[in-house]
Amino acid sequence: MNAAHHYTLTISCPDRAGIIAAVSGFIAQQGGFIVEASYHTEQEAQRFFMRQEILADSLPFDAHEFCRRFAQLSDDFEMTWQLSDSARKKRLVILVSKQDHCLNDLLYRWRSGELLVDIPCVISNHEDLRSFVEWHGIPFIHVDMTDKTAAFAKIGALFEQHQGDTLVLARFMQIMPPDLCQRYAGRIINIHHSFLPSFVGAKPYHQAYLRGVKLIGATCHYVTGELDAGPIIEQDTVRVDHGDTVDDLVRYGRDIEKTVLARGLRYHVEDRVLICGNKTIVFR
Amino acid sequence: MNAAHHYTLTISCPDRAGIIAAVSGFIAQQGGFIVEASYHTEQEAQRFFMRQEILADSLPFDAHEFCRRFAQLSDDFEMTWQLSDSARKKRLVILVSKQDHCLNDLLYRWRSGELLVDIPCVISNHEDLRSFVEWHGIPFIHVDMTDKTAAFAKIGALFEQHQGDTLVLARFMQIMPPDLCQRYAGRIINIHHSFLPSFVGAKPYHQAYLRGVKLIGATCHYVTGELDAGPIIEQDTVRVDHGDTVDDLVRYGRDIEKTVLARGLRYHVEDRVLICGNKTIVFR
Amino acid sequence: MNAAHHYTLTISCPDRAGIIAAVSGFIAQQGGFIVEASYHTEQEAQRFFMRQEILADSLPFDAHEFCRRFAQLSDDFEMTWQLSDSARKKRLVILVSKQDHCLNDLLYRWRSGELLVDIPCVISNHEDLRSFVEWHGIPFIHVDMTDKTAAFAKIGALFEQHQGDTLVLARFMQIMPPDLCQRYAGRIINIHHSFLPSFVGAKPYHQAYLRGVKLIGATCHYVTGELDAGPIIEQDTVRVDHGDTVDDLVRYGRDIEKTVLARGLRYHVEDRVLICGNKTIVFR
Amino acid sequence: MNAAHHYTLTISCPDRAGIIAAVSGFIAQQGGFIVEASYHTEQEAQRFFMRQEILADSLPFDAHEFCRRFAQLSDDFEMTWQLSDSARKKRLVILVSKQDHCLNDLLYRWRSGELLVDIPCVISNHEDLRSFVEWHGIPFIHVDMTDKTAAFAKIGALFEQHQGDTLVLARFMQIMPPDLCQRYAGRIINIHHSFLPSFVGAKPYHQAYLRGVKLIGATCHYVTGELDAGPIIEQDTVRVDHGDTVDDLVRYGRDIEKTVLARGLRYHVEDRVLICGNKTIVFR
């Protein structure tokens, strides 16, 4: 992420000639200095996507005024758009079960300053990770899952109360209910421990072992109402062989899961991911 | 592959103590010099697998006599086993359609001496590749697929007539009938243009594009009666992104397919692949 | 590469605000439809780089007129720039020795229509590959290297005579003289069989074997007067282990060399590579 | 690592026929059950290397008695050998500076039970990581580096006093003195933040950035008297591009460093690494 104070403008609109000229012309008129710019046309959908980082100090006004002035242009092009201010860190609420490799990885990236977010709380259905989370000075909240409806209602309430931007399922091992998926579309990120669409659902490493695949993988994706079928943000694979047991696959898998979640989350936090139907555009 | 004249002994038998000692003791008694040795126990199946390369010149007799003397030991341990002689090249019959990237790759490896096999003929349901194959001095045989039953009967007959050891489907794009799959179990090798078990069947790159995966792959596997579900020999993946069209995926895919088929075929030709149920042990 | 008739505009100039707006504004004024756009600022050099693909049919005039109109703008911003027309294929002259894996790969990509170039001739210091090249209908020219000065003078003359755009050293195994390097700066592409800057010069696989590295690689780079030290376009690596002999490394290496050269060459041919000092910007 | 109590026998000796038969015959005579067996001949050195895991419960005596009985055979074959008992965990002393990504990774693998070792202490030349290390219940020892000779004498003494088996330089950023390198040959493991032999010494990511390489890497190796030139255990690379700053390379690099050190260390701890001159045999 750019270290200087900057705004990130992300836009999606019907494709036509002149969009780049209009947007970059508008920014230039205000004296704006663009430090990173990416464009993409999604052919099937006939939609255009763009992302631009603009130095905050190059503009004579603040983000609010930028948005006010940009409104006319955005209407003309029927844009769906958003301006993020790098001075306002995104707020991640992390859900975790007992498997803590992803949590350990994310908290390390956070405390080392690599992942520039606020983490108002970590929520878990087990008490195991309280000490580790609290050592970081982050509140740890236990939610009993006996009554799942009540539990997810509480999770939704906690997310609101802590003003969360993004809900991260860091190996939470519970299926999110449809109403949360819908309410927070594009804001809930999961790490699935297989190379989707292979091995949906439970025990993917066991499934992979039985099928005798020669690589295993992990997938970071947005959560939708359909299990493990939401827009994919990032994936990766690692080689295994006949000598590897299910336990070995699980061990290799942990390293891939950590990396894939960290990368996908970073793209999301830096507003590099735009959703188009069930696919993502990732401006790396 | 070892350049010196050698025998490759591959064994599978119920697991118990003393197998390695018995086999290596037997070889040592004959004065045999082992240049490569690999072992594996398949836990679920409780079966033991081994592969050994023995220098031919270190033995005072030939392959035939080795087999005669080894018979007693192999009976004691209930072994399924085989001895290959590096002096006798395996005979590959290649089936191809119009897509020729795998064929071009295999024939290059063959003519450069990297792939140590004989290729008695290439069979195709199209005439397009005749000139290229014949430039190599390899007979090209066209088989009309209008009557599929007759066509596959002819393919089976050609394979027998040319004394083929292995039938390679180098993007043949036709589904092998069950009787051929059964008759040549463990001897028909296919390259499928996806990372199985994802995207079985037709148009896998199109399927991958629609799902929005971030890597695509290819799978080299033995052909069985169930489509794209046989024992996997080798797989690999390559990164793609939102900017890649279906045509781009096809293009990236060709490179992965070539490499994965070449690697899988090499393992097979060097007797490095042992089948256990629907999985493979690959002694690389 | 975009299938439709298009122009590719590549620009490098001192960095400042308003460049994107000026260029995209200019294109929009002419009615130009941009199908791909990429930007990059090289911080140390304080230079800005951009590449844009514009649909030819969206402009009311031809490439010549575009250049005439663009001249004023380019002067204002002190641009170094170039407009390529997809209707005019680049002309590659290929130099090769006896090792033919890269040549085989390039000619396959050319004849299958994947690599959209013209190949007016292949030049070699050996006769071995004549039959293979001529089967493709491409002239094969033998140049005797006994007198190196005369030989390279002849190579330069052949390149001019065949109106070559790019000279590809597809494992040519001869060091280019400084005058050719200088005259065709940014137009001579080499594939070196190591992961540079490791193992410069002769026998890199042997060097790698002796050092006991766990991966080997290949590097596609522009040729400059300093051996194996020019701007790197593309690299890749592959895993090896203690069981691999030098011959095995050479074999693995061939696959990496082919892929890396093909990728680097494709980027170059599509005007995706811009040079900045001794580094490249590659707009993939 | 095999979960059952087992012994790991590693052997190196001059190559000749009959070694496998002699060793496996000896083990079989004692009733020993081999669960994993690997062999390799280093051609140049004409030396044979082997590693075998034997179930402890399958033997009628303990490790001490095994060694006593094996002595005769090992003398006959001029073996250098060693028997490790899985019941006795190796003791790692970790040296660290301020960069803590590798430390965080190793301690996580230790506390999650993935890395089966004892960590008697962590030594650092800075106080920064005390709280984190002590949270794990591991003693943290600060060593002042003002007087380097005294400091390294103290480090050596601490290593002895804590009965360390292996000294891990987890980004220690200090050059080990020759006497320690010699005294603990094959027992000091370093992670270097480049793909050696490229970019030896200080600031490798900066060097990589200036050279414009398209991949960066990390190397886990045994420390010898010559800087960054000891036997390589494990390496890996990751793709970067023109858009990545030195800070980005450092960030990508951290992930590679962690993974490569963890893998290399695991191989070492499981007695999978045998040294032959300046190279390693790694029986994975």
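Labels A, B, C and D are assigned to the chains in the order they are written; within every chain, residues are numbered from 1.
Rule of thumb we're sticking to: a contact is a pair of C-beta atoms (placed from the backbone, for glycine too) under 8 Å apart; a residue touches a chain by one contact, two chains touch by 3 or more.
Because the structure is predicted, anything quoted here is derived from the model rather than measured.
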What chain is the most remote from chain D, judged by the mean position of CA atoms in each chain?
C
Look at the interfaces A-B and B-D and say which one is made up of more C-beta pairs in contact.
A-B
Chain A and chain D share one sequence, so how far apart are they rotationally when you fit their Cα atoms? Give it in degrees, rounded to a multiple of 5.
180
CA centre of chain B versus CA centre of chain D: separation in Å?
37
Per the C-alpha means, the centres of chain A and chain B lie apart by a whole-Å value of 42
Residues of chain C that touch at least two other chains are none
Contact set on chain D toward chain C in their complex
40, 42-43, 195-199, 211-215, 217, 231-237, 241-243, 245, 278-282, 284
Which positions of chain A touch chain D when the two form their complex?
100-101, 104, 108, 112, 114, 135, 251, 254-255, 259, 262
Within their complex, state which residues of chain A touch chain C.
17-18, 20-22, 24-25, 27-29, 31-39, 41, 58
